[in-house]
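Multiple structures are listed underneath, in structure tokens.
First chain A sits with chain B, and in the next complex the same chain sits with chain C.
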Partner chain A sequence: MAIKSVLGLFQDANQAADAGDAVKETGLTENDIDFLTDCPYPEGAFGEREEHIKLFLFPFIGGILGFFGGIMVTSMTQMAYPLITGGKPILSLPPMAVVMYEGTMLGAILFTVLGVLFESRLPHKMTEAYDERVSQGLIGVLVRAEEGKEQEINDVLSKAGAVDTKIA
Partner chain B sequence: MQEGRVLPPEQINKDLLNSIMSTPKWYWPAVGICSLIVLIAATIVGYMINKGLGITGLNRPVMWGFFITNFVFWIGISHAGVMLSAILRLAKAEWRRPASRAAEVLTIFSLMTAMTMPIIHTGRPWRSLYWFFPYDFARGIFPNIRSPLVWDPSAILTYLTSSVLFVFIALIPDFAILRDNTTGLRKKIYTALSMGWQGNARQWKLQIVAGILLSALILPVFVSVHSIVSWDFGMAVSVKAWHSTVFAPYFVVGAVHSGVSAVIFVLILLRQAYGWQDYIRREHVEALCRLLIVVSTGWFYYFCMEIIFGIYGREADEVAIRTLQFTLYPWNWIMIIFIVTTYFLPILLWSRKVWRRNLLIVSIACISVNIGMWLERYILFVPGQINKQLFTFTWANYTPTIFEGIIVLGTFALVTLLLLLFSKVMPLIPLYDIKEGDILKTEVQIGRRTVPATFRED
Partner chain C sequence: MAELKTLNHHYKDMWVFPDADDLAGLPAKATSIGINKLLLWLTLILTAIGVVGFVMRASADGLNDYEPWGYYMAAFSFVFMVTAPAPLVSVAFRLIRSHWRRPLTRIAEIFALVGIVNFVLYIPLMLMIPEIANPNGAGHHSLDIRRTLWIQVPWGAPHFWETMAMLSLPVMSCLILLLSATPDMSASIQFVSGIKKKFYMLVAGYWKGSKRQWLVMQAAIGALGGLYFLTLPFVQFLISTDFGMSLIAGWKDSIFPAIYTLMGFQTSLAAILIVLYIFRRWGGFENFIGASQFWSASKILLGLSLLWIYHMFAFFITFWYGRMEVEQNILNYLYVDSWFWIFIINALGSWLIPFLILVWNPVRRADWGAPLAAVFVLIGALMFNIRIFVGAFNAGREQIYDISITFVPDAVGPDIWDLCMVIGIIGLACLVYLIGLRIFPVMNIWEIKEGAMYQKMGRLFRGNYLVLAKPE
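Our next item is the complex of A and B:
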């Protein structure tokens, strides 16, 4: 059965949190509800589900790859043109360490950014109900429900004090 | 902070997007003037490529002059972004909010500008590729990894890439606000840039965690960049007086000093130009000035150490260079102007609360710091090369030409132009950060006083 999304817009955080509770009473779970805001609210402000993220894994993977990238660039470059300068060995660690360090940091940062996008589910095609007034400070309560149940959810949100609702 | 008033979100959108939604009368003339200066400088660069470095004052033994001075200066300015954004974010300083984006953007543009300087300085820019790119473009020759001139591009490119990504991640929610507030082609562009951002709890949580994580990752890069820039000099065996062991921290603290001063000046300009009095408040400027008192005093300590380390060993070359810097014209005058403008004048102007809250006085102090910091690099690099050394048989003083002066001026116009163009398409103050600050703000009653307070999550 197709999934429909219903969006209710609320003036303040308390109303939005109450609306979320009212939706849960219809048999839906917290996984079916999202709270859309134009800025970060303290975690749990709307009684929303706890989000588990694995972002910390990404910089480690990126850092390791970047470190080995740094080793490869420095060692292979030196071996490709083995010119002895200042009596130092061809594979001299102190100068290699600088590039390896930068490679490690670059890898860690690149992977962190990729991790943020991946974990945020971005890029994301906006097919669900959305209203531009969310960016004007209204709080959106987005509910995903099976087709046929959307009107019931719409009524629940309206009853909870939504200034407007949308179904998509 | 104490003086802010809580504004409704629509008002914040209207105020902070006014640089994008409307065009003040001064905007296009300012863009025009900056573009003209950049164009003239670019033409001179073209002329220099055609005629050779002979049109500059560079000659043996002074091969690093205005261009390299300017390169280090702009690298220094770029340190403001991480200092303000990352350190203050990790320290959970509330007053960072309006300053963070402008600082990060200034970092990017000053880094980009800095990178042009050594490339122009080579005289034949296309040959720069041979020098740092790990590929044999000619005759099977690969770059020499043992040279600091190879470490430098690797550090700067890492810092630039990191800074761009740092800004981009923080811009996504603001792109969504722009998507919701624009129409036509602009809406399509912002829709693509916002990548379907909804603003749900998961996305916000990741935005906050990413801010902290990226700050923590960029900080070591920030320290490494100017340290490595200092090694360009510290590891040049042939030039005396460039081997001080305090060069790395001296350069890093100096960079923060000039960079944060530049950010304060940019913030004051933005406040006046776009009427952002409610966002960039006098208390923010004052807080930044107090920070700078500490930073500049730290910088002055390293400056003294650098001089003391130089003369304490009584090496003939070191003493000769210090004599040149402190007693011989024109270096002695440059030294005096540099010390006064970098430390004593700004410290005096930041010494009283009323002066720290006076935007004109603060602007003068910040410009003064940057004049001084530019001269600091100049007086650090050039006298070392002028000093007579063994096995060098060509002697000449260094007198910069008008061409070098215009190219340096062009870099200032370029950074200003890029900032102006950025302000036309993207918000220079992060909207969500300001709104979050307002949400977390409250007032508490303590005895008979009602005082502002801020809720803070761990």
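Our next item is the complex of A and C:
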């Protein structure tokens, strides 16, 4: 069955939080509700679900790959063209460290960019209900429900004090 | 209870609290600032003068020999020094959750666009780096490989690794700018038109303001900011060694790269404060920018100015006490003989004048105190870059493979094309920044709105005090 989205717009954060509670009483879970705001609100301000993002794994993995890439580049160069400089060993860590460090950074940066795209689900086309007034200060309560239930959710949001609602 | 007549011991406008109307009007205001067209034309003309200087210098001397390009390098390094750390200033204050940073973060982030200029300006310099291997082989007083960071010459050194490092900075900082500006562009789409609207739609069309989007955006800025913080000193290290120390034979110094990094933070903060002051005084943003931004930043600027003299003295005393011939030659060249007067202006601007201005508490609390000191900081930094990099580029190409420099070179003044390039490069940086101000919302709208939730004046006994919420 198709999923419909219903958006209720609220002027007051308390009303939006109450609307979220009212929607849960219809049998939907917190996973079906999103709160849309014009600035980040403190964690749990609307009684919303916890979000888990894994962005920090990306630079970590990229950094490790870049680090070993740096080791490979420097050690293979030194082994292929053995050049004794200042009486130091062919594989000396201090000069290798410069390239290893930069390799680590470049790997971490590249993977962070990929991580941002992945975690933001980009490129992304907006298909759910949205209203520009969210970015002007109204708080949006976005509910995803199975087709057929959207009118019930719409009524719940209106009853909770929504200044406007939209269904998409 | 008697009403308070004053705001305790602070100025009336030390902290400003935008009301609902101010916040509602901010997206329109932040996307429609009237950059004086005369200013744009002026910077464009300066850029054109710089292009003429560059072309004339290149046609006369080519790009193979680095010696005639000392002033180009000094101007590049000055712009790089001032602008590259600026995005980090916003990230650092955001990471430590300081509330006063909110009105200045976007002003700092827009400097990311000048990072693209830095990369373009760097390309000719990359071509000029002399061979690491001595073409004449080792001799009585010379080495087979000149002293550089790239000992044992790994694959890609120095060109590939330096270019990638230089490129990584604008990539990261522009991403930070785009990520941070996305919610503001979404809020401002209806107030812009034409190409700017299309750009806003392209960047912020997906934004709806869900909790996940806010978390990803903030985490991404944090991660990229952390990586930027790890990469920037590394690139500053490369610039200061490859284009400075390694071109004066025998200059071995662990303090100089640290001074260069320190001056990056000092000059970036200075540039941000000057722009912030212009916005407060003439830009119509006095309801969003209080005196507290200048008061808080002035203490950091004072600390950085004191750190400058500490590092500079540590550098000086080590060489002075060592008394080896090479150390005396370098001191005479860069400090007490050839470049003496430039060093004096450098020290006055980077340390003494800012110190004498900012040591006074009433001046620090005034909105004009820190920006005034900042002007001298920038002048001092320009002199520093001329002294070091024109000095390094003109110490004599024949000595770079030597064990140590055995003479004290003369200072080299600019010719007409040098002057053209210096003002052109600074003009280009200003032009790109001004264009950035026209493209992006100049205030960080979402952070200011967020700050409005967490700050207010509260009453305790007979006084009014700033009350801050710490939700994290």
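Here, the second predicted complex is superposed on the first by the 146 of 168 C-alpha atoms of A that agree within 3 Å, B and C clash if a C-alpha of one lies under 4 Å from a C-alpha of the other, contacts with A are read in each partner's own complex, and residues count from 1 in each chain.
By our rule, a residue touches a chain if its C-beta (ideal position, glycine included) is under 8 Å from a C-beta of that chain, and two chains touch if they have at least 3 such contacts.
Because the structure is a prediction, the values reported are computed rather than measured.
In the model built by aligning both structures on chain A, chain B clashes with chain C. By the touch criterion defined above, A:Ala108 reaches both chain B and chain C.
Of the two partner chains, neither chain B nor chain C is touched by A:Asp18. Of the two partner chains, both chain B and chain C are touched by A:Ser135. Residues 34-43, 48, 51, 53, 55-56, 59, 73-74, 76-78, 83, 85-86, 88, 92, 95-96, 98-99, 101-102, 105-106, 108-109, 112-113, 116, 119-120, 122-126, 128, 130, 132, 134-137, 140, 142 of chain A touch chain B in one complex and chain C in the other.
Only residues 8-10, 13, 134, 136, 140-147, 150-151, 154-155, 157-158, 161-162, 165-166, 168-169, 172-173, 176-177, 180-181, 195-210, 213-214, 217-218, 220-221, 224, 228, 431-433, 435-436, 439-440, 455, 457 of chain B touch chain A when the two sit together in their complex.
Interface of chain A with chain B (complex): residues 34-43, 46, 48-49, 51, 53, 55-56, 59, 73-74, 76-78, 80-81, 83, 85-86, 88, 92, 95-96, 98-99, 101-103, 105-106, 108-110, 112-113, 116-117, 119-126, 128, 130, 132, 134-137, 140, 142. Per the touch definition, chain A reaches chain C in the complex via residues 34-43, 48, 51, 53, 55-56, 58-59, 73-74, 76-78, 83, 85-86, 88, 90, 92, 94-96, 98-99, 101-102, 105-106, 108-109, 112-113, 115-116, 119-120, 122-126, 128, 130, 132, 134-137, 140, 142. Interface residues of chain C facing chain A in the complex, by the touch rule stated above, are 23-24, 27, 145, 149-157, 161, 164-165, 168, 171-172, 175, 179, 183, 186-187, 189-190, 205-220, 223-224, 226-227, 230-231, 234, 446-447, 449-450, 453, 471.
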